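One structure follows; several queries about it will come next.
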Amino acid sequence: GSGGGSGPDTDSLVISANAIAGGKNEQEAKWIEEWVIPNFVEHKKEKDDVDVDVSFDASGVDDEQYKTKLALDLQGGSGPDIMNLDGIWIGEFAQAGYIKPLTEVVTQADFWEGWDQIPEAVQKLGSFENERYGIPAGTDGRVLFYNKDLFEQAGLDREWQPESWDELIEAAEALAGIDGVTPVQLNAGTAMGEATTMQGFLPLLAGAGEHIWDKGKWRGESDAVTDTLGLYETIFSDGLGDPLLQQEAQGRDKSFEQFAEGRIGILLEGDYFWRSVVHPELGIAPMEDRDEVVGYAKIPAIAPGKGIHGQDYASMSGGSARVVNPETDSPELAFELLTFMNSDEALKALLEGEARITARTDTNADVLADDPMLTFVADEVLPITAYRPGLAEYTRVSTLLQEATASVVSGNSAQDVAASYRDKLEGVVGGAGNITN
Amino acid sequence: MAAITTDRLTKVYPGGVRALDEIDLTVEDGEFFALLGPSGCGKTTLLRTVAGLEESSGGSLHIGDVDVTRTPPGSRDVAMVFQDYALFPHMTVAENVAYPLRIKKVARAKRTEKAAATAGELGLSDYLERRPGQLSGGQQQRVALARAMACHPSVFLFDEPLSNLDARMRLEARTFLKRLQRELGVTTVFVTHDQAEALALADRIAVMESGRIRQLGTPSEVFRRPANTFVASFIGSTPMNLLDGVVRPRGIEVAGELLPTPPEPAGRLVDGEKVVYGIRPEYLVHSPTAVPGSLAGEVRVVENLGHAQLVTLEGPAGFVQLVVDEDTPVALGDRGFAVPRQDRALVYRDGELVTSGDPTGLAAAGASGTA
Amino acid sequence: MAAITTDRLTKVYPGGVRALDEIDLTVEDGEFFALLGPSGCGKTTLLRTVAGLEESSGGSLHIGDVDVTRTPPGSRDVAMVFQDYALFPHMTVAENVAYPLRIKKVARAKRTEKAAATAGELGLSDYLERRPGQLSGGQQQRVALARAMACHPSVFLFDEPLSNLDARMRLEARTFLKRLQRELGVTTVFVTHDQAEALALADRIAVMESGRIRQLGTPSEVFRRPANTFVASFIGSTPMNLLDGVVRPRGIEVAGELLPTPPEPAGRLVDGEKVVYGIRPEYLVHSPTAVPGSLAGEVRVVENLGHAQLVTLEGPAGFVQLVVDEDTPVALGDRGFAVPRQDRALVYRDGELVTSGDPTGLAAAGASGTA
Amino acid sequence: MLLIVAFLLFPALWTVYLGLTDYQLTGFAAANPQVVGLENYDRALSDDRFSNSLVLTLQFVLGSAVLGQAVLGFAIAWLMRNRVGALRRTVEALVLLAWILPSSVITFLWIALLDRDGGTLNALLNTPGTAWLLEYPMVSIIVFNIWKGAAFSMMLYAAALGNVPPSHLETARLAGAGTFQQLRDVVFPRIKGHVLTNLLLISLWTFNDFTPFLLTAGGPENRTEIMPVFIYRIALESGELGFGAAISVLMLLINLVIALVYMRLLRQRKDAST
Amino acid sequence: MTSHPDHAAVPSASDAAPVAVATTPSGPPPPDAEHRRREAQRAAGRAGARKAVAGIGFYTFVSLVLAFFSLPLLWLAVAPFDANPGLSASLPEFTLQNFRVLWDNPYAMRSLGNSVILAGGTGLLVVAFAALAAYALSRVRLPGRDMLLYVLLLLSSIVTGTAAMVPLFNLATELRLIDSQLGVILVLSGGLLPSAIFILKDFMDGTPRSYEESARVFGASPFQIMRDIVVPVVRPGLATIGVWSVAQVWGNFLIPFLLLRSPDQYPAAVVMYTFYTEGGQANLALISTFSLLYSVPVILMFLFVSSRYGFRFHGGIKR
């Protein structure tokens, strides 16, 4: 790794990701250990006849904790050679000088043929201020999941695609008639953490027509912000959502459990929910009849055509990027490994035939074919999706948004909450000059 | 004031230890009564059962005419002074003395006054504002007494009240205590393992051994005529010499020497039977030259008793101790002869005193004699 | 074996307490030496300074011919028995006794054997595998002794070795200790505040008061001729009567009664001067009828001493105590008269004994006499 | 000693220094931190969240440590003082178990216990649907912390009660004193030193206890955002290490005040007993 | 018993009757004897009732305490054997599958071993250093020694907090203690020592000096005194501290996570976090099972220590 290889003859590299065998993101961990490393070593041997020594620092913790550890490593001038960073960390790490644009680290950066396979929108995941810092590893999209059985029970169609927030509310009101069922689960509050922002406020805000960060400024008390909070108000004050669930530390887990038990009608989540939560075998809240019961629909704009860029629908995407540590001893080799990990072949090996949205269009075309849901996301959602700003302040803004939704859920009016959100925002982003309405 | 009567009072501790074994005892009204015995014999247990701090496992207990067997300690009208005095270190002397009154909800002014008066009687007036830690052992003991006296109980119970004092203070406190009890006239039971203390202070003594009373009587009864070898070896500032002997027609043969039979058991011994011949060191007269009917030996230890000497002779009868006048020269290694005072020698058979058959002699053990 | 000599030995504690004030003292080789005095007089400090546990603030200390003033305790070849015995609670008796040998790196087999032998001498063979907590007080004391003996030191130091035992055991242990020291012949210094213990055991006694030695002599010297009123009131199982008097041509007037002047100070008293007339209770003879030259009073307390009685008279001279034979009837409230044995009365002027000017009388205080 | 200097003194002082900077883990401020003097302190003292968390922490410490652990621990120690055998061993073992189990495990136990839907407590009390952690968040973490920490107080007081001479209690009983009077007049004055040691340690520990975060994540609506949770969020979730360090120092100062109060009481006792 | 006016006066010395004459209690009892008897009986009755109430109260309280302390543990006993556990302690669908899965996990079992190393190492270090320091502090009269302890205690509260992670991390980096279990042990020890010293000092203060002094007179060196006398005598205290610090380390996540690199070295506290999904959801089946495994060693240690060495405080500041 950086700070000294194991010898003059063999270069050594360290990969780090928040993944571990037998635990969190097990698949990725196994892939790195069992596929990437041996294949890359062999590949180098064959190609250049050099021995490389690649190792993997596994971990399986909260993202914040993983981030903290990486940051501590990097500020001390050490750290792994290749690391997985969440897309939104790119900015703050870049600002701190922990990572550098790929072109500054590696001469060959722009000449990787894989770039062509990654859509512009997805490339933003690994970029900051129009510079590429890393290669996106994968992405996702947010949709509305719903329970077809419950819809039928409520007298609604099993196939559903709302076109506006009003239609969403209508469906919810119909669901409200069923005993013991929460019509909508819209994440809110601080206990949900980033899920509130990412699987709640931000996609809705995009549907109301705005980005939280635009042209160098943060959104304050804009109409779209107020409207979005207004939707929360409608849902939670009319008994369409469960306010208490939003406050529980394990609220999100419980919402999954409840959805799987057929006690929630509509749920705004990412495709992760489909793959890892209600998956009949691998899920943590498995639904044996997932394919029959769980429906999905794009998140509607407040009204048709009122979403960002005049869209009818909106979504948000996240995902991580793999980055080269600028302090690495062998940047070219590291970049070679990085591109190796992002090759079509490698990604397919990672998925082992399982469906999952990758950053590469060529790969997606093959692997998603069998999964209608993920195809749906790749084809219909990704083109309209948006990304969070990768800035150091974002975390704190996100916290403010969480607090704002919590405040609405507990009964304050959207108007008042929006105003007080703006006030607090000033303190967080360094004054009114950085805020726009 | 009240007498204390126990009837087959028994205490068995949870572990199964039978600390009191059917104790029958009457402590007369106004009497100064000592409980004496070796460590672990049940003295403290008896005292605590009287106080109500331990519940009896059987039998009954009266104080005055009232059956208090099941009465809680606070309602028995007794006061107890503990071995460590149990003075509350955070309270001043005045507060300590007034404490029982405070618990009895006596008004502040009244109790301050009463406490000051009681403390004054015991010469503590100058120390009222001090804390126990700032007092000498003797003063502490008086504070504990004052506290016990403060609410005029009908019975005082003392558990080894003097054993924490140093030798000199113990003597002073002893005299003081005796005088005080005489003046107050309150029924008092006190526990000690120091026979000298018991002899000096008590009107009557009960000598206990493993939960039973082995002898009960006045100090001189107990001292002069211990009812059994246990009491004999326990009482006396120097323990009684207890020598194995065999009854012969003209005396008792001890280690080959024929000692004259004491008058009392004279007619009650059977020729040839094995007995124990008991004689106190104080009643052996020293002789530097051989005398018939004496115990011979070599001087092994000489201990100075102040105005006298305690001499240990080693001879055929084993170790024999005798008290010799301070002016009599005795040197280590000398040969010496100890001549018993015949009227003070006692004979024990199977551990029990052989008496003239006079019932008072036997009655001393078990029944409550007159004081 | 070795003598102990101190030369102006001084110990000032950090707080400024002068616990030893220029002590000059010689303990002869093989002597059994007692340090006696009231609580806080510096006895323990002196012992600990000899052991090396306290560093002296001034003066010097020799054991044998070696100046050990600055030698660490482990190298002084002394053994100390603490008041609480300081037996290691986690070691068995055998391990405790063997501990000094272990420190001296004696091989395991050898030290086990030696420890067993020493313990055997003290009758502890049956308890070798027990822990101290499972022993009675007397047994514990013997273990502490055995441990001290195990490495054959040249000096034994005992700090109140008997004070944790009950009254009966104390007597037995006393005799045992005396015999043991006699047999071993090791120089022994022991601390006590019990004068009876000191008199009974010691070859010589040093009586201390606030860091100074007030008298030094054999037990009978100290008992019969206390050099000052402090020692006089401290020594004796019943304290000496000290009565204020005025010198008259034909005797000493005490509370209006003329008592004959003792022979010794006779020529050294000035007519009309104030003195203190000292007489032990043992040397006062009781008379139920008035006798000239006697102290009169009413019987206030009678304490049974076993074979005698201690009677307290209250009269014009205040309280006077006397020892009366057990057969003499004395009742409370009687009038009694105490006749001094003239040859045993002492006279103190300004707290110091008035002597015949015979140097031996004075020499008892301060210089080291013969054992 | 070197260990203490290296791993205690040195990091502590460094933290104090960090508190004077605007250091952050990421972003521009990570690249070149500026010394901003007392600005962090200024910010903290005028921050509602700080004062909120201070008030909560004081409630938490007072409720769970001073009142809860100390009182429950004492009560158990007092009632068990004369007992021997299986009952006492069982009680002590259970109480101690709560103390030694890792906090990440016991939080799961409590989440399961207090769960809204299938929680054992709701089943027992027949109060289905009560979300204890939401409706009574502070009470919940206080009870939780009592459960978790009572063992220390229990052990300490058990030892302390062993030092109360029975004769003192009995003197009071003979005078007719009831249990309350015995505690007030005899036991408490006697074990004051232990009480203060106990309070000092458990207050300090509780003040620094992060475990409630695992139970409530500071919520709902920051209603359980006690100081360590606040610091965790500032330092770890927001990466504002300078600010976090400053708050740590403030926390230390508050601890100091508490310690001084205790020591004052201690001194009073010392004066009183000589 | 209320006061009795008729014997309030102390008889003067002059009218004290000779005690030898005993007054036999014959004839009718004095007028207030009847009153006293009733009073005593009533008191006895009241006491009986109060005792019954106290007995009921005692057992109620003990039952409540037992329930309070055992209820939460229920889940730990049930969930690991449940095929599909939720947060409710319901009757399980019995399975041992969860244990199988953990057994096959590459880190789970090993992490328990690592925890033992870290906790054991820290425990030993803390016990050893705390014993030495507490002994020194207890025996040496240092001006301001108590103050020093308090200051250390307070500083330890900073160092165990989150905000000190940068200094600790950089310190470990400088000392090349990253990815070393020793580093974790040292850092953790630093934070635990003050409390440990504080508690142990009480034990030391409670040990009679005469033990050491008698060993000194025999010529024992300070080391020998420590080894032969002090350590065995304060063993319950050492055991307490040992268990306490082991429990502290056992549950500590942040420090080992930050300072260790290779998952092979992770202790159980860190590995426990791996049983969450990429979305942060707990895999309750594995977590409950692992919780049980994770708890067993500390419970065993506690049982061992408490049966072997006793588990008691001497406690309290003695002045």
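For reference, chains read A, B, C, D and E in written order, and residue numbers begin at 1 within each chain.
Definition applied: a contact is a pair of C-beta atoms (placed from the backbone, for glycine too) under 8 Å apart; a residue touches a chain by one contact, two chains touch by 3 or more.
Chain labels with UniProt names: B, C = ABC transporter ATP-binding protein; D = Sugar ABC transporter permease; E = Carbohydrate ABC transporter permease.
Keep in mind it's a predicted model, so treat the numbers as computed, not measured.
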item	value
Path length in steps (a step moves to a chain that is touched) from subunit C to subunit E	1
Fewest hops from subunit A to subunit B - one hop per pair of touching chains	2
Which of A-E and D-E has more C-beta pairs touching across its chains	D-E
Innermost chain, taking as reference the mean of every protein Cα atom displayed	E
Most remote chain, CA-based centroid, reference being subunit C	A
Far-end chain from subunit B, centres as C-alpha averages	A
Where subunit D and subunit E are represented by their mean Cα positions, the distance between them in whole Å	15
Centre-to-centre distance between subunit C and subunit A (centres being mean Cα positions), rounded to whole Å	91
Geometric centre distance via CA averages, subunit E-subunit B, whole Å	47
Approximate Å spacing (C-alpha centroids) for the pair subunit A, subunit D	38
Subunit A, residues touching no fewer than two other chains	65, 68, 72, 75, 193, 250, 254
Of all residues in subunit C, the ones touching two or more other chains	332
Shared-contact residues (touching 2 or more other chains) in subunit E	1, 86-87, 165-166, 170
In the complex, subunit D residues that touch subunit E	1, 3-4, 6-12, 14-16, 18-19, 23, 25, 72, 75-76, 79, 87, 90-91, 93-106, 108-113, 115, 117-121, 123-124, 147, 155-160, 163, 176, 191, 193-194, 196-197, 200-201, 204-205, 207-208, 210, 228, 231-232, 234-236, 241, 244-245, 247-249, 251-252, 255-256, 259, 263, 266, 269-270, 273
Residues of subunit C touching subunit B in the complex	38-39, 136-137, 166-168, 171, 174-175, 178-179, 182, 193-197, 199-201, 219-220, 223, 234-239, 280, 282-283, 300-301, 303-307, 310, 312, 326, 332
Touching residues on subunit E, where the partner in the complex is subunit A	86-87, 104-108, 165-166, 169-170, 173, 178, 254, 257-258, 261-263, 270-271, 273-284
Contact set on subunit E toward subunit D in their complex	1, 58, 61-62, 65-66, 68-76, 79, 86-90, 125, 129, 133, 150, 152-168, 170-171, 175, 186-187, 189-191, 193-195, 198-199, 202, 240, 243, 246-247, 250-251, 253, 268-269, 272, 287-288, 291, 294-295, 298-299, 302, 306, 311-319
Residues of subunit A that touch subunit D when the two form their complex	64-65, 67-68, 71-72, 75, 89, 92-93, 95-98, 189-191, 193, 244, 247-250, 254, 391-393, 395-396, 399, 403, 406-407, 410
